[in-house]
Amino acid sequence: MGQVEATYELVLDGRRRRLRLKRSGSRARVEFGGKSLDVDVSQLSDAAFSLILEGRSHDVGVSPNAGGFQVVVDGESFQVGLVDPRRDSPSTSGTTRAAGPAAVSAPMPGKVVRILAAEGEDVSQGQGLVVVEAMKMQNELPSPKSGTIRAVRVAEGQAVNAGDPLVLVE
Amino acid sequence: MFSKILIANRGEIAVRVMRTAREMNIATVAVYSDCDRAALHVRLADEARGLGASPSVESYLNMDRVLQAAEASGAEAIHPGYGFLSENAEFARRCRDRGICFIGPPPRAMELMGEKTAARRLAARAGVPVVPGTGPQLGDSTEAERAARDIGFPILVKAAAGGGGKGMRLVTSPDRLASALRDAGSEARSAFGDPAVYLEKYLRSPRHIEFQVLADSHGNTVHLGERECSIQRRHQKVIEECPSPVMTGALRDRMGQAAVSMARACGYRNAGTVEFLVDRQQDFYFLEMNTRLQVEHPVTEMVTGLDLVRKQIQIAAGQPLGLTQEEVRLRGVALECRIYAEDPEKGFLPSPGLIRSLSQPSGPGVREDSGIYQGWEVPVYYDPMLSKLVTWAETRSEAVSRMERALGEYRISGIKTTIPFFRNILAHPKFLSAELSTDFIEKYYRPDRSLPGREELREVAAIGAALYASRARASEAGRADRPESPWKLWGRWNGLRR
Amino acid sequence: MFSKILIANRGEIAVRVMRTAREMNIATVAVYSDCDRAALHVRLADEARGLGASPSVESYLNMDRVLQAAEASGAEAIHPGYGFLSENAEFARRCRDRGICFIGPPPRAMELMGEKTAARRLAARAGVPVVPGTGPQLGDSTEAERAARDIGFPILVKAAAGGGGKGMRLVTSPDRLASALRDAGSEARSAFGDPAVYLEKYLRSPRHIEFQVLADSHGNTVHLGERECSIQRRHQKVIEECPSPVMTGALRDRMGQAAVSMARACGYRNAGTVEFLVDRQQDFYFLEMNTRLQVEHPVTEMVTGLDLVRKQIQIAAGQPLGLTQEEVRLRGVALECRIYAEDPEKGFLPSPGLIRSLSQPSGPGVREDSGIYQGWEVPVYYDPMLSKLVTWAETRSEAVSRMERALGEYRISGIKTTIPFFRNILAHPKFLSAELSTDFIEKYYRPDRSLPGREELREVAAIGAALYASRARASEAGRADRPESPWKLWGRWNGLRR
Amino acid sequence: MGQVEATYELVLDGRRRRLRLKRSGSRARVEFGGKSLDVDVSQLSDAAFSLILEGRSHDVGVSPNAGGFQVVVDGESFQVGLVDPRRDSPSTSGTTRAAGPAAVSAPMPGKVVRILAAEGEDVSQGQGLVVVEAMKMQNELPSPKSGTIRAVRVAEGQAVNAGDPLVLVE
């Protein structure tokens, strides 16, 4: 895999943490949380690694997603956010902001079965705005904040992909 | 015996049925919707026929197309699996009219058991205890309230044509009855096209225990013991086991006999399941009969040693059961966990998508009935069940340890699954001590309760993410893997963001 | 009970042992050679320690390094699996000397059973029938010829320290005896460092039937019934089953008692196997005792419901067996096929390399104990066994059908395997009618005998190749996948080709 | 997968056969052995396809090797040779020719444990020339023809890869 040296800003369990990685072939040195660790890395496939850290063996599967990565370690699943250094904010699907417009986006692919609010309508935080059906389950998506519906981007019966913006509240 | 059968289903159950058919030297025909073209059940079948577009109504629920596929392929029989057309009496009749054997019960038995209050009446006539309750004619609200007081609160209002928790309301005091009747009736009308509801006594923390029955066309009916399915979420079973930890030989004989009586009362043939609620006094009440193979049939197979699909096919082909009640022997304990594509960290949100890496558990005492593979894209159109993980051992505590081991070995990335949810439940002391009830998950499941050692793994997850990111950054193509921020998309769409 | 154990092995058996350890809540330490860094047993272990270079003598056979790994990790016990150090009494002693529990028999029992003629003498003293034969002191060729005539031709000349067919000669007439003694002795010297040979009566078409025994340190010894392992290639078992199709209750009792006597006679503890040859008259003869877990132990596990590795660990930890002979119950029939990385179309040439695609069988009655995964490169350094495929059913014919189904579901590409060989053998009428013997493969296996339907698949193979080639041609990278012609390489090397 | 149209010379069971392939996305038309077949193609991975041909479903895994391809169809393994149009001869490992020099090459990776013939020695067809060990098995490689050893390219103890030329007989 050649030489790599990089620093990442990660979001773990809601907290931002810095990780420094220095890798040369199967050997990696990681500085993280005040510790310095030697890691033996074996790449199993595009999406999977075997890591040995201080004698402990870990099987790791990584999948990129909207929020960063889903990382499955020894069968346990974790969400690890990655801060884009160019924008310095974690890219997270369905992220809301306290001020300014907030989008309600589809958390998974599916079909819009009901729209519960119209453009111009005042809504309160937590109020159901759209019902999306996937895998025979209906999921009501709540408003991230109190405000006014600025835009409804979808129609009932429409298919949507994960991350598609559905409604904008301001 | 048949030489070719069509399996009118998809996913793990279609694969399950094909396995037995192949062992019986019967050729298999798969059917598939557009998004299922590369599904495992299509890959493993001898023949495959497309049905149409992905939504179920245009494919797996479309009787005309399924029957056309059967005729075009020359299949002599159809196995419906569970769900879809499996409990559709009209479909069973149409099969019969075309000279195709429907591997399941006679249409009349399906209808009798499909209407809940009719099934309750039949049970009562057959001497099988039912939960105290009413028929679907409730009269005016005064009469309904009188009936409710007779039964005693709390009561359940239930849709007569119902199922799956639709058209159901729990009522704890008389003043809430009228509105509950109105709401449940309206929900029942929209869900089933029939507003009829009835009242039933609400049992607190009951156990859900069901009996597997087999009936042939020569008058033989036996039961294969019970399954306990008390661990439920949204009225859906998620963990099942055989035998029930509270079962005794005497109770099994009585409940088994009740199950056989129900099967006889409705003229049943083939494999079916009689469901009961059991209270803390070990009194049992008939709940309903499922006129098909159940999702959870493998736990019975592991403990009895029988192949239920083989029995279904043999019965449908007119063969005698070849098994007396005395010959049914239970050995050891089996557990099943239903692995769903759902995100337990986000309120069990559906999680369809591409399976990027997968290793499935195996080894001693482990059976996996799965419909997935690495590189398969789990579609958004159907039930989220990916596979059923089953373990067997001599004792319940060993079967639980084995399940924990197998869940730990099950590695899947790309989509979220309920594997962590099961590890959480199985580690609960109340599960280990078998204090099961249908409200177990409400009472004991704490999504934020971490397994021991999880915190150490979080650090490893961070390292894994960084290693992946370093590769992605190194290659030009890396960026393409990551979906763009919805904010950027949004901005592009309507120019709101600058 | 131990809190951590080291598994001094690799591949499927290391994975197998870890599974049970995990179920017992015992932490596992894997060891690995350089080429096994990404092996499945390393991925599934809690901890992992590198041993050294890939050749076995520098890694899995290197006692110092294995013991260092155990001490560094704090493991309290070592499970040796089979092969490698599993029957090495010196290793067992060195474990003991360092206060590490060796999960296996006492060193003295290993030594007693390791020397073939000593084991034969012990058997005879214990009243267990042995194949008629001599000790290792044969005297001059006249005396040897007299001994041979007493036994009766044909006879086998066998190495006293032998195994695996090395130092073995079949002699059908007296005039070939002298040269056979010379050749076998010289082969034995080079293979085992000991030229001693002995004579044994040659049984025609015998069955190989072995008994599993378990002995604890509290004086309890039981047998778990038999395994028939008559289907052998190059003196290696390839298909095993439990129970033996020729076994009767009375014969099982007698042979089982003989097996238990052997275990008692050598002071055995832990799991062991007593091997017998059985002739057409159902007379049985002690062959040897294997002082370790056998490759084929899963068929016994499927039929008895016991976990043999759990029993091994419990016994090693000093726990009583907790199982009487009467409590051992056999149910149904189990078969095992050993899947090797060998090319059956090219005389079983080894076939190491990258596993490009893999789907493993599962479903009812199927267990796979495997050490491989998609993307794993099977190394050139070790035994070619990839996995063990085991099926169980109520009857032998159903277990065979299930094995055929499971073999058909097993899809592996990139390397060649013995899967087609097994499909060929299992389809043979003599296999179905259970007319098994150790010369079955010589007598009945015809590599060119195609399964029905194979010719149609050849056409599909051509289409698959063309589709692959069309992709490869479309992409620039395609060519890089295909190794260059050796002719071109040759030409480049020494300029012989222009 | 876009449009593809190509003709291949394949070697199946020792016989040369022409196959014409016309593919457009999931539809392919194949002319082969005097028949014309419609094939529904679904690509499962780099190395695997699901094919439906006249209603029959086939699971196909393809791996390139020295002789062309190993193709596993519904669990049955086939060797399919591919004639390189630029050389018009199937590239096959260990191929021998009646006339001219013949190479004995390693059929699998392994270690040379014994060399049984020296340069300049006369050998007869079938005579063992080299013993290669792999996976704890020893394999004696026979001479493809009677002739004289022209070259021995390897030494005892040496590691070899599949396809490596070991000995040349002329």
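Residue numbering begins at 1 within each chain, and the chains themselves are lettered A, B, C and D in the order written.
What we mean here is this: a contact is a pair of C-beta atoms (placed from the backbone, for glycine too) under 8 Å apart; a residue touches a chain by one contact, two chains touch by 3 or more.
What you see is a predicted model; the values in this text were computed from it and never measured.
J.: I'd like the Å distance between the centres of chain A and chain B, where a centre is the mean of that chain's Cα atoms.
T.: Roughly 31 Å separates the two chain centres.
J.: Per the centroid of Cα atoms for each chain, what is the distance between chain B and chain C, given in Å?
T.: Comparing mean C-alpha positions, chain C is 41 Å from chain B.
J.: Indicate the whole-number Å distance between the mean C-alpha point of chain A and the mean C-alpha point of chain C.
T.: 48
J.: On chain B, where are the residues touching two or more other chains?
T.: Within chain B, residues 44, 373-374, 408-409 contact more than one other chain.
J.: Using the touch rule from the top of the page, what residues of chain D touch 2 or more other chains?
T.: 44-45, 59
J.: For this assembly, give the contact graph shape among line, ring, star, complete and other.
T.: Contact map by chain: other.
J.: Can you name every pair of chains that touch?
T.: Here the touching chain pairs work out to A-B, A-C, B-C, B-D, C-D.
J.: Mind pulling up the chain B residues that touch chain C in the complex?
T.: Residues of chain B touching chain C: 15-16, 19-20, 22-25, 44, 298, 301, 305-307, 309, 331-332, 359-360, 362-370, 373-374, 393-394, 398, 401-402, 404-405, 408-409.
J.: Quick check on the complex: what are the chain D residues that touch chain C?
T.: Interface residues on chain D, with respect to chain C: 1-2, 4, 6, 8, 10, 12-13, 17, 19, 21, 23, 28, 30, 32-33, 37, 39, 41, 44-49, 51, 53, 58-66, 68-80, 82, 91, 93-95, 101, 103, 105, 107-111, 134-137, 139, 150-151, 153, 162-165, 168.
J.: Across the complex, what residues on chain A touch chain C?
T.: So the residues of chain A in touch with chain C come to 26, 40, 42, 44-45, 50, 52, 55-57, 59.
J.: Which residues of chain B touch chain D in their complex?
T.: For this pair, the touching residues of chain B are 30, 37-38, 42-49, 72-73, 373-375.
J.: In the complex, go through chain C and note every residue touching chain D.
T.: 341, 345-346, 349-353, 356-357, 380-384, 407-414, 416-417, 419-420, 423, 451, 454, 457-474, 481-483, 485-487, 489-490, 493-494, 496
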